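As written, the chain order gives the labels A, B and C, with residue 1 at the start of each chain.
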Amino acid sequence: MAAIELTGLSTVYPNGVRAVDDLDLSVTDGEFFALLGPSGCGKTTLLRTIAGLEQSSSGTIELDGKDVTSVDAGKRGVAMVFQDYALFPHMTVAQNIAYPLRVRRASKQAQQDAATSTSAGLGLSALLERRPGQLSGGQQQRVALARAIAMSADVLLLDEPLSNLDARLRLEARTFLKRLQHDLGLTTVFVTHDQAEALALADRIAVMAEGRIRQLGTPKEVFQRPADTFVANFIGSTPMNLLSGTVRDGQVEVAGARLTPPGDLTLSDGTPVVAGIRPEYLQPGTDGITGVVSIVENLGVTSLVTLECPGEVLVGLTVPEHEEPAVGTTMTAAPAPGRLLVYDGETTELLTA
Amino acid sequence: MRRARDASGLGVARAIGFVSPALLLIGLFLVFPAIWTIYIGLTNYALTGPNSVAPSFVGLSNFMDALNDTLFGNAVWLTLLFVVGSAVLGQNFLGFALAWVLRSARPVIRRTVEAFVLLAWILPSVVVAYLWTAVLDRDGGTLNALLGNGSTAWLVEYPMASLIVFNTWRGTAFSMMLYSSALAAVPPSQLETAKTVGANGWQTVRDVVFPHIRGHVLTNTLLISLWTANDFTPFLLTAGGPNHESETLPVFIYQQAIANGELGYSAAISFLLLIVNLLVSLVYLLLLRRRA
Amino acid sequence: MTFRQMLRRSLYTVLIAAVLAFFAIPMLWLASAPFDSDPGVGLRWPDWTLDNWRVTFSHPYALGSLLNSIVLCAVATIVTTALGTLAAYALSRVHIPGRDALLYVLLLLSSVVTGTAAMVPIFVMMLQLGLINSQYATGLVIAGGMLPAAIFILKDFIDSVPRSYEESARVFGASPGQVLRHVVLPVARPGIATITVWAFVQAWGNFLLPFLLLRDVTEQPAAVLLRTLKDEGGSANLTVIPVFSLLYAIPVVALYLFVSKRYGFRFHGGIKA
């Protein structure tokens, strides 16, 4: 169990691309930490750098207080599960799980014991003599996890752990993974491009883009108060409404309506701003943005209504299942109290008091 | 997806260590001989006699002699015949024809034909030489038996023709397999379109198939021509005879070097062959590269 | 069926039959002559006997040359496979400066420096080194000729082993040697086996190099002896030659069948077009 401390970490490729750009990060002991971002944002590079598979260009990596920046991959006390699980096809499940011990020349008995005890905890006891090719996707993932656990490492790294599973299995595996990490208390960093996955699993999330961390916070913080419009757009199953406008008389003027900014925020007139409000936090009401219903999408328990508002702006709001308005009706979407976010129109950062 | 530059953790130093033994062997037995043959070709080194102990530098005279040597010209001409006849025309056409016709054959028939064609290619050359000697023999030969004509000594009276037929038999397998793959890659929908508009077999080949496989035809032809030009098997059948009538370049080089002991001269000829090989290979690789 | 279709069908059948005959007939000699009590150079229905086999086995050089072939091909194959695999692994995984140029040159070398083109310098080299009649030297020369193509094919195979296997093993603490032994070689085994067989078959059938370099009859492999039998005593030894040809050809055919059954015949002499 260890803390991970990254200081000023940068990885620059020969062609000049800064995959990781002067990054600082602290992961506390036992934390389930997510690196979230679109493809190409540097999250996988960062993970591999922590593992030792890639060399950073500058900065330091400390695991449990020890500087491991120049230490070889196998000697950092880091276990990793790859996206394709990387189970060795010519070895049985038991041999795969025991592999970290085999590398350290542990006795045959020790290897066997490790395989039996680790597999028992993951429900793999019946599969010990099978080959990876004979296992289902979910079983393969558990074998890969078992192998990582058998290593008795201080840190566990997961590269897109759920993306190789089909949709239904993914949700079950998600719950399983969260429980496993909690039971083991193992410091875990995982990479994902799926924001729902990150929100569900992580204790804290680092939202990344272009090699930099845009926001570091708990799932709640990242969801309710995204630090900039990029994060705001990235997080949330339904996209947040981001409406450009200006400040007029201390109010935010967007889409033909005047909205009251959060109580403690003072804005000077004429400032360009972007108003952010999630569709889930807009309700049919009287004081808000008015528009004409153009599309109604059924989401199951709720429906996503798209309003065409003045200035050709589209605003989305969710309504409960029995309250879908008819297309063509005019309605007003009122922000729930305290849920309106105001972003600086130029820097895209969240304006706070 | 950007990949680590060294997934296995070998490191450049160890990697160079891994590659070196192979490179050493290649250097010794491929690179060095190729370069050394230039040097030997500039001397009058011989297998026996005074020039075997103290050869002297003769400059380009070996090359000059070659140009005036009728046997050399003969060898070049015969090699050209051999290549054009058995490779460019024979193996290419037969290989393509087989690939085309077998596409729609019953699996049993296809497998049987392919098996025999392939067998002709994989049998060792010495064995194959005997097989064809048996076929072409004047007295007990199969061909004469089939023709009911008992008196033609094919290898003696028509040596080049025999060699060409032989080599076509020998090497068609490669072209057949290659064209088989190439044809399989032609989109079936295009072939079916041709069929529905009423194109016949020949038109389909010309208009639909050939544009797709044009590159393959060229590279295949280059490759099998290169192999054929360097093929030593004619030696096993006719040893270049009778009277140099089937003495292709490989046989010529051998006779000059070992039978006549003219090592310097034959080295010069070898060098010329290397140059030709180099040119053909370069074109071949360039075409491959461009297609990739 | 229309007349046109019937004509087509019959033409097609005739063509297939002709092709089959063309390819199969020459091979019949191998099936008949070894068992014929009075074998001729030509083809005829044999007078079945196994006498020829007895004579062949008691021929002073016949079985010995088969042994020579095995030794020669074993040397060439082992050297080619071992050195080729190491080189292919390094070239596949590590970005050595000049790697792409090297691969290009290797490909070039294998087509340019053929046995025919190199026969003179190789002969002179071995002569001057006093290595004529050395099985091991000849084996090495043969290996040298096969290595470029072998490296090329092996590199392709190793390229297809997912890098995540090696990275995973590394993260678990395996040294590069362990990674190679535990992970890469087992997974690349089909490719290595294919190359081993390919190299063996190539070496087994190689006539020119042993013919040049192994002049002593007792050192000659089967490929050369088979030819020597023709010249000994002025006329061909037709009792032994057919049997010996069959003996000599069988391993090649067997290996080919084995590889194509196990791994699928996809290497047309090692060239992918």
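Simple rule for what comes next: contacts are C-beta pairs under 8 Å (C-beta built on N, C-alpha and C of every residue); 3 or more make two chains touch, one makes a residue touch a chain.
Here the structure is a predicted model, which means the values were calculated and not measured.
Enquirer: Please identify which chain has its centre, taken as the mean of its CA atoms, farthest from the centre of subunit A.
Expert: Relative to subunit A, the chain with the farthest C-alpha centre is B.
Enquirer: Using the mean of all protein Cα atoms as the middle point, what chain has its own Cα mean nearest that point?
Expert: Measuring from the global C-alpha mean, the nearest chain centre belongs to C.
Enquirer: If you average the CA atoms of subunit A and of subunit C, how many Å lie between those two points?
Expert: Whole-Å distance between the two chain centres: 56.
Enquirer: If you average the Cα atoms of subunit A and of subunit B to get two centres, how far apart are those centres in Å?
Expert: Subunit A and subunit B have C-alpha centres separated by 60 Å.
Enquirer: Distance-wise, how many Å sit between the C-alpha centres of subunit B and subunit C, to the nearest whole number?
Expert: It comes to 16 Å between the two C-alpha centres.
Enquirer: At which residue positions does subunit A touch at least two other chains?
Expert: 53, 73
Enquirer: By the touch rule stated above, which residues of subunit C touch at least two different other chains?
Expert: 167, 170
Enquirer: Among the residues of subunit B, which ones contact at least 2 other chains?
Expert: 4, 7, 9
Enquirer: Spell out the residues on subunit A that touch subunit C in their complex, using ranges where they run on.
Expert: Residues 51-53, 73-75, 78-80, 82-84, 86, 88-90, 99-100, 102-104, 147, 151 of subunit A touch subunit C in their complex.
Enquirer: Show me the residue ranges of subunit B that touch subunit C in the complex, using the header's touch definition.
Expert: Residues in contact with subunit C: 3-12, 14-19, 21-23, 25-26, 28-34, 36-37, 40, 45, 98, 101, 105, 109, 112-113, 116-120, 122-128, 130-135, 137, 139-142, 144-145, 169, 173-174, 177-178, 181-182, 216, 219-220, 223, 226, 230-233, 236, 249-250, 253-254, 257-258, 263, 266-267, 270, 273-274, 277-278, 280-282, 284-285.
Enquirer: Under the definition above, what is the set of subunit C residues touching subunit B in their complex?
Expert: 12, 15-16, 19-20, 22-30, 33, 40-44, 79, 83-84, 86-87, 89-91, 93-96, 104, 106-125, 140-141, 143-145, 147-148, 151, 163, 166-167, 170, 176, 179-180, 184, 201, 204-205, 207-208, 212, 223-224, 226-227, 241-242, 245, 248-249, 252-253, 256, 265, 268-269, 271, 273
Enquirer: What does subunit C use to touch subunit A in their complex?
Expert: 162, 164-165, 167-175, 178, 182-183, 186-187, 189
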